[in-house]
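Labels run A, B, C, D and E following the written order; every chain starts at residue 1.
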Amino acid sequence: MTSHPLVIVEGLSKVFSPGTKASLRAVDNVSFDMVRGETLALVGESGCGKSTTGRLLMRLIEPSEGRVQFDGVDFMSLSSKELKRERRRLQLVFQDPYSAFNPRMTAESIIAEPMLLAGASASDRRQRVGELLPLVGLAPHHASRYPHQFSGGQRQRIGIARALALRPEFIVCDEPVSALDVSVQAQVINLLVDLQQKFGLTYLFISHDLRVVRHIADRVAVMYLGRIVELADKKTLFADPQHPYTRLLLSAVPQIRPTVQAGLLRTASGEVGTAVTESGCRFAGRCSHVIDVCRSAQPQLRPIAGGHQVACHLAGNVEPSK
Amino acid sequence: MGIAACSLAFVLGGVILVSAPASAQQKVLTVGAATFPSSLQTGVASFTSESLILQTYDPLVMRDNEGNFVPALAESWESKSDTVWRFHLRKGVKWHDGKEFTAEDVKFTIDRVIDPQTAYGYLGRIGQVNGATVVDPYTVDISTKAVFPILSKGLADIAIEAKHYYDEVGVEVPKRKPMGTGPFIAVNWVPGDRYELTANKNYWRGAPKVDKLVIRQIPEAATRIAALISGEVQIIEEVPVDVIAEIESSKRARVISIPTSAAMVLTYDTRRPPFDNPKVREALDYAVDKEVIRNEILKGKGEILQGQLLTARTFGYNPNVKARPFDPAKAKQLLKEANFDFSKPVAIMTQSGKYLSDVDISNAVAGMLRNVDIQANVSVVESAVYLKQWSALEMGPIYMVGWYSLNDADFATIWYTEGAKRSVWKNAEYEKLFVEARSTNDQATRDKAYQRMMEIMHAENPSMFLFGIPSVYAASNKVKNFGAAADKILRLEAVSID
Amino acid sequence: MKRSLFGKRFKIVLGAGIIVAMCLLAALAPYLAPYDPLQQDLLRRLKPPFFMAGGTAKNLLGTDNYGRDLLSRLIFGTQTSIMVGTASMALSCILGAIAGLIAGYKGGRIEQLIMRFADAHMAFPDVLFAIIMAAAFGGSTFNLILVLGISGWMIYARLVFGLVRSLKHRSFVEAAVSYGGGDRYVMSRHLLPQIVPILTVVATLQVAQMILQEAALSFLGLGLPPPAPTWGNILAEGRDRMFGAPWIANCAGIAIILIVFGINMFGNGLREYLDPQAKQR
Amino acid sequence: MLKFTLRRLAYVPVSLLFVSAVLFTVLRLTGNPIDTYLDINRTDEQVAALTKRLHLDQSLPVQFLIYLKDVLSGDFGQSLQFGEPAIHVVLERAGASIQLVTAALLIAAIIGILAGMACAVFKDKLPDFLISTLAVAAQSMPSFWLGILLIQFFAVQLRWLPTSGRGGWENLVLPAFTLAAYLLPNIILITRTSMLETLREQFVVTAIAKGLSGRQVLFRHALPNALNPIISFIGLQIGRLMGGAIITETIFAWPGIGRLMIGSIFQRDVPVVIAGVLIVSVVIVVANLAVDILLSINDPRIRLD
Amino acid sequence: MTPATDHELSPVLRKQDAPLLRVENLSVAFHTRNGLVRAIEEVSFEVPAGKVLGIVGESGSGKSVTALSLLRLIPSEIAEISSGSVWFGGRDLTRLSERELRRIRGREIAMIFQEPMTSLNPIASVGAQLREPMQLHLGMKAAEASRRVEELLDLVGIPQPRKRMTQYPHELSGGMRQRVMIAMALSCEPKLLIADEPTTALDVTTQAQILDLLRSLQSRLGLSIILITHDLGVVAQFADNVQVMYAGRAIEQAAVAEIFRQPAHPYTEGLLKIVADLEAECGRLSSIEGTVPAPHELPPGCAFAPRCPRSDTACTASPPPLSPISPGRRCACVRPVGFPQFRASA
């Protein structure tokens, strides 16, 4: 992993309905980079801005601030025509396999749609669909079926096939398995891993499920109310979480093997809100380690060890409560 | 649900407010009228308006149901000179407020009528009037600009109003609460709905036989009939002729009708080919079977015009002129002689509901014209459009008009003169005769002139002369002494109910 | 699901049956009608239908006030009524759908302009609008269609607008945009196909409304001028004779009820059939 | 919601201005007030006087501007036919129409909602079929024909109710039902759909699980939740209802604004027509405001800020 | 206590000895376009007083249908109980009249559901909804009920109960709503609480808080709970006993510790393996191939057979019955994993 980053995200922010009372900083100063072939997981609870980050990165939503560089190309400076061309190298896999497809299109035309828009000929499209179906574990006769005739897992396979149609290098997986049953989850995860290995894909894997993340990610970024609060490689993060929120998340996962968590769980109260204080740490209200500085100064994401970044005033200074 | 409750209260409240207790002993006569005037303003030139106006007012001279002129507020009149008429007023007539009726009121009324700012609709009836002078409290002189032989007849449409009332309340109040000398006293006027009156016990011709009169507007004919049959109203106006048999068979009510002096004609645009050709106009007259239309559509009511504008009882009628017989063969032959291509459709323009069975008659005529290979169709035109086009003389090529002569040829024949701007047909002799008839007070001379004019019209066919329109009422069997009026004015003072 | 006797299938079949029958009647009017609908016979006026006293088989449904055969007039009236209803529906549907599609997809100022205009028009009683138009421009088939068509566009505009706005945020639209689909592509390929079925239902029901509206205008004397037969003007002409000759109005009324009922049944059945929630079971 | 409504209200004057201009132009172009107001017996002096009074000698845009100037100073002009201020004429008749429309609305809403609920509860069974079919049949009846049939049956045959006119509550019954028939079928069908949707909601299961009886669930939980689309629909239909009132008023000789408007259009009484449209618009706007408020009372999620 | 035969037991004694709820051979069928389709088939289980039974399964396994059928909450037009009994307090709930059942619903058996937003009436205030069961069942006046609501809200850890009572569901967060649901369920002090996926729709940290709350309430109030979930982790932490369901049938019943130690059914084993793999960060997940069969396309034998690595011809003949394989354990498999001594005859 010595190659230069494939994706560089710098200071990405999105403010919804700016200037009004309802103004919402959904994504706030998010920065990270990714190298080719790796999987970075964005983890957080609902409303933390992880899905918005994925769409900002693809410029499906116009960012309010910040920069995205993909393979040396500055995405923010592209004209809309150039963007359409460049964006084909990035693809999106959606969470909800029900609304992701036009119910009146067959699997074949769904999968072929990106190619159609890229100007591929009908025979090329047909041939490519023929390649893609077995690749994602579907049979050729599935091509003529409609979305509602598939099971949830099969639909997600169609979504993956559609994403692969233009041979992208980078895929944003937006909660691809969270709507699926456990046994099917496993199938889809395995498929994603296989495809990554086969085509050298890079994944930005958005999820709220730490178990899935723990399995698939190389590195993990934890988001809380629009900000990345901790970013580390997977091993470090799960073994030595530094941010109190990360610890809370880890402790809350119901596991089949009882682990050390009962104590941790009590360290936070309340739920993810939307009330964002401009000054101070956004987690301060729920944090049991809170000190004065937490309420006045917003902690910046800073490295504390090789590649391990934390946005907490106390990171490195406080012992994990135990 | 608060709003729903409020609105419920509103609805119920409205109901309570408008429901008035009716005294049981009182004899109430309720009349269902087809149309209502917008207000009780005098001088709105329509029969519907005049019919309501004359419940509370009297004119100097009045018509009876048959159209004869009889003295009213004026007991007698004579001509002082060619241009001055002296009217002797009835003494002891009281206004509804108890004040005495005098010559001042007549002068006030005449002055008001002839002021253009008043926009008095019946001004044309006495168009030559110059002014009035009070001779004494019961004598008034009316002067005219020129010889005006029909002055006394024209005055029948001028309701005499009380000067002192206008002085007291201004010009707006009488529009809603008229005060006159008439048989009934206005109580309550609800536009579009009802007009409630009580009997004037001191009426100079005798108190009305009912205590209360309610005139309701029921625009829909079917509803009007339903109201009569169900006993809600005792008299209805404008009965569609088709239901005459049903009303009579209901055993609750009867139909009462009278021929009016109104002539229903189909006028041609004589500037437009082929109707500029008198032969074509004559041919059309042969093509229409007026007998069948009268029997079938008018159910035998009304009269067939005898090839002239005037109905048989009108002053100036020419008994020697007869209607052309129905002769389609002759019509076809005349049309052949005219040698015109009738493959293009010809429109007969009519308003709907303006005259009795107007659309029906137009349609029937069109059907008969089709039988002589004229592709006639009926075009029903909305009244304002009709009037606008008519004023611009852009009607046609055939359009339906009804002319009321009110028992004097003058009122109808004027519309075929050039000065009236209502007809495109021109005839020099006709013009000359009209002026001649108007310039003398000698009735014999006038009669002769009008008879000659009728001959000209018969020969020239500026219009197809169809029917004297009947006026059709229906009354409950409980109603006594009700008569249909040729001028469509309700005369109710003699009416009684069991 | 338990077999339901009166379910959507019943409605659709019944409705479609009536509509097809009526359309056939209209198409075959010249062959089916026993008489020329314009042929008058004043000596045979207001003859009652065969089932009433005095009626004969010569005029099965009796005659009108010009002695025209009522059955023939009703059969020919089918043509005009269906034609006027369909054409005015098509006009308002096209106008409204285009306006709604643009307003919903573009949003912003265009949306405000179109939708506020629709609001204003909505607040203006459509009968009044029709009266003014008809009074001003007279009665011809073309004017009638124009008047009815223009007075109905807002319904479609609002409907399409609402649908587009909700569809716009569905993932498959986002997906299409992410692959480079332009406005026209997304509208035609993804939005319209979703809208058309619902639009069809509303449009079907609208034909019924238009036929009723035509009758209402005829009542006010603003419909098609005579002698052209439409159900509306037959009914309107017959209403004054409800006492003497009730069959004229009643036959025309029943004819209107029949087709409007058929259309409504069909439309409601179709709506239930297309309702995604009803479909799940 | 209220904010949204108020913002929409801001467009009302603009649209009224537009509508007035169209009306003014169309009415003036298609009929001359001189002809409709002055009898053919008129004299030239009268024509001249009226022409001057109505500014008919000016060009049409100038006429409209003069009219507009008067309107802005609160003067809607004299009605030609009534010889009274147009706004006065209109207001006098508006009450009767509002009474009729309100009664029709209440009838349609109460019966429609109850019948619609019955349909939903007995979905695809006989009551549903009967009610829906009847509703569709009622919807298919031209209202003037229905009105005449009602008069013949209830007033002439049975003598239960008066045929026409405005008076006590008994006078209101037939016209209100006739007008309600315009709306009733749709309310039934909408209630049915909305109710079926609501009955599928989870909170209905919660309510049953609480131990509530079927009726309690229906009226306490399901109905209030199903009400929103019905209320909105009614709000949208008030305009149509005011239009439908024209015919009902004519049939039942109800002295309302609808008949006045028709007559005024035919008479080309421009001031009355425009004042009438204004009043009708105001009524519709107020009714829609009321609907919005009602919605927000019923549903706290709709906020009135 | 004198020994007595079963049928002579006094009602009091039976109540003590018998489980709080006993379900016997419950089958429920849905009316579908394809005719009657079995949603659950011959399900039997017991809930001892004061214990938590976890029912676990994937979508379509019939776990929610089971929960809803206990109180007959599925409308009869949609589904019907085709056989079986639900014994509660000496009465068979499947045979009670609707009126009798209403007295049990909400009072003796309460339910909470998956989506706290849709489970609460969106247009009624929190207080009104909470008062309703108490006014209905306990005949409380509004004021008294309001006082009790305050206590209840306090009990489920909602701060400022007075303020919350006047609020509406949409003004509360997901966790708060679920707490309200719990408070509502507990308001009449039921003996049994049926929790149908109570935490699925919640964020993971909230989920933990709700589970904590339920657990503490359970031990404080001595409540019996049926917990429906798809999450084995939730079961592991919360339940005493567990029933695994697959395609409408109970396929395994055991104490929680037992099942996680040694799953008997190959399906249970497969599920556990996936979760274990996820937790263990291994390279490739073990997975169960294929999909759950649709209810109307069930194979004649064991429904899991087509996906089962251990299946053979014996499995496809007829569905294996749920049979005891060791004390307190039952499994519906011809050859259960880890119990080689057991050979059920199919």
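Rule of thumb we're sticking to: contacts are C-beta pairs under 8 Å (C-beta built on N, C-alpha and C of every residue); 3 or more make two chains touch, one makes a residue touch a chain.
Just so it is clear, the structure is predicted and the values come from calculations on it, not from any experiment.
Novice: Going by the contact rule set out at the top, which chains touch both subunit A and subunit B?
Specialist: Intersection of subunit A and subunit B contact lists gives C.
Novice: Please find the path from subunit C to subunit D through touching chains that uses the fewest steps, and give that number.
Specialist: When the steps are counted carefully, the minimum from subunit C to subunit D is 1.
Novice: Taking the mean of all protein CA atoms as the centre, name the chain whose own CA mean is closest to it.
Specialist: D
Novice: Compared with subunit A, which chain's mean CA position is the farthest off?
Specialist: Using the mean of the C-alpha atoms as each chain's centre, the farthest one from subunit A is B.
Novice: If I average the CA coordinates per chain, which chain comes out farthest from subunit E?
Specialist: Relative to subunit E, the chain with the farthest C-alpha centre is B.
Novice: I'd like to verify one number: the distance from the centre of subunit B to the centre of subunit E, where each centre is the average of its C-alpha atoms, in whole angstrom.
Specialist: Comparing mean C-alpha positions, subunit E is 88 Å from subunit B.
Novice: For subunit B and subunit D, let me know how many angstrom lie between their CA-based centres, rounded off.
Specialist: The separation of the two C-alpha centroids amounts to 36 Å.
Novice: Based only on mean CA positions, could you tell me how far subunit A sits from subunit C in angstrom?
Specialist: 52
Novice: Measuring centre to centre with CA averages, how many angstrom lie between subunit A and subunit E?
Specialist: 33
Novice: Give the residues of subunit D touching no fewer than two other chains, as numbers and ranges.
Specialist: If we look for residues of subunit D contacting two or more partner chains, we find 30, 148, 152, 250, 266.
Novice: Please list all residues of subunit A that touch 2 or more other chains.
Specialist: There are none in subunit A.
Novice: What are the residue numbers in subunit E that touch two or more other chains?
Specialist: If we look for residues of subunit E contacting two or more partner chains, we find 77.
Novice: Can you check the complex and tell me which residues of subunit A touch subunit C?
Specialist: My answer: residues 58, 60, 84-85, 87-88, 91-92, 94, 96, 99-104, 113-114, 117-118, 162, 166.
Novice: Which stretch or stretches of subunit E touch subunit A in the complex?
Specialist: Of all residues in subunit E, those touching subunit A are 58-59, 173-176, 203-209, 211-212, 230-234, 236-238, 260, 270-272, 274-279, 281-282, 284-289, 291-292.
Novice: Residue numbers of subunit D touching subunit B in their complex, please.
Specialist: Those residues of subunit D that touch subunit B are 30-32, 34-43, 45-46, 48-50, 79, 81-84, 89, 92-93, 95-96, 98-99, 102-103, 105-106, 109, 148, 151-152, 155-156, 159, 162-169, 172, 250-256, 259-260, 263, 266-268, 290, 293-294, 297.
Novice: Note which residues of subunit C are touching subunit B in the complex, please.
Specialist: 38-40, 42-43, 45-46, 65-67, 134-135, 138-139, 221-222, 225-227, 239-245
Novice: Write out the stretch or stretches of subunit E touching subunit D in their complex.
Specialist: Going by the criterion above, the answer is residues 68, 71, 73, 77, 98-99, 102-107, 110-111, 113, 115, 118-125, 132-133, 136-137, 168, 170, 181, 184.
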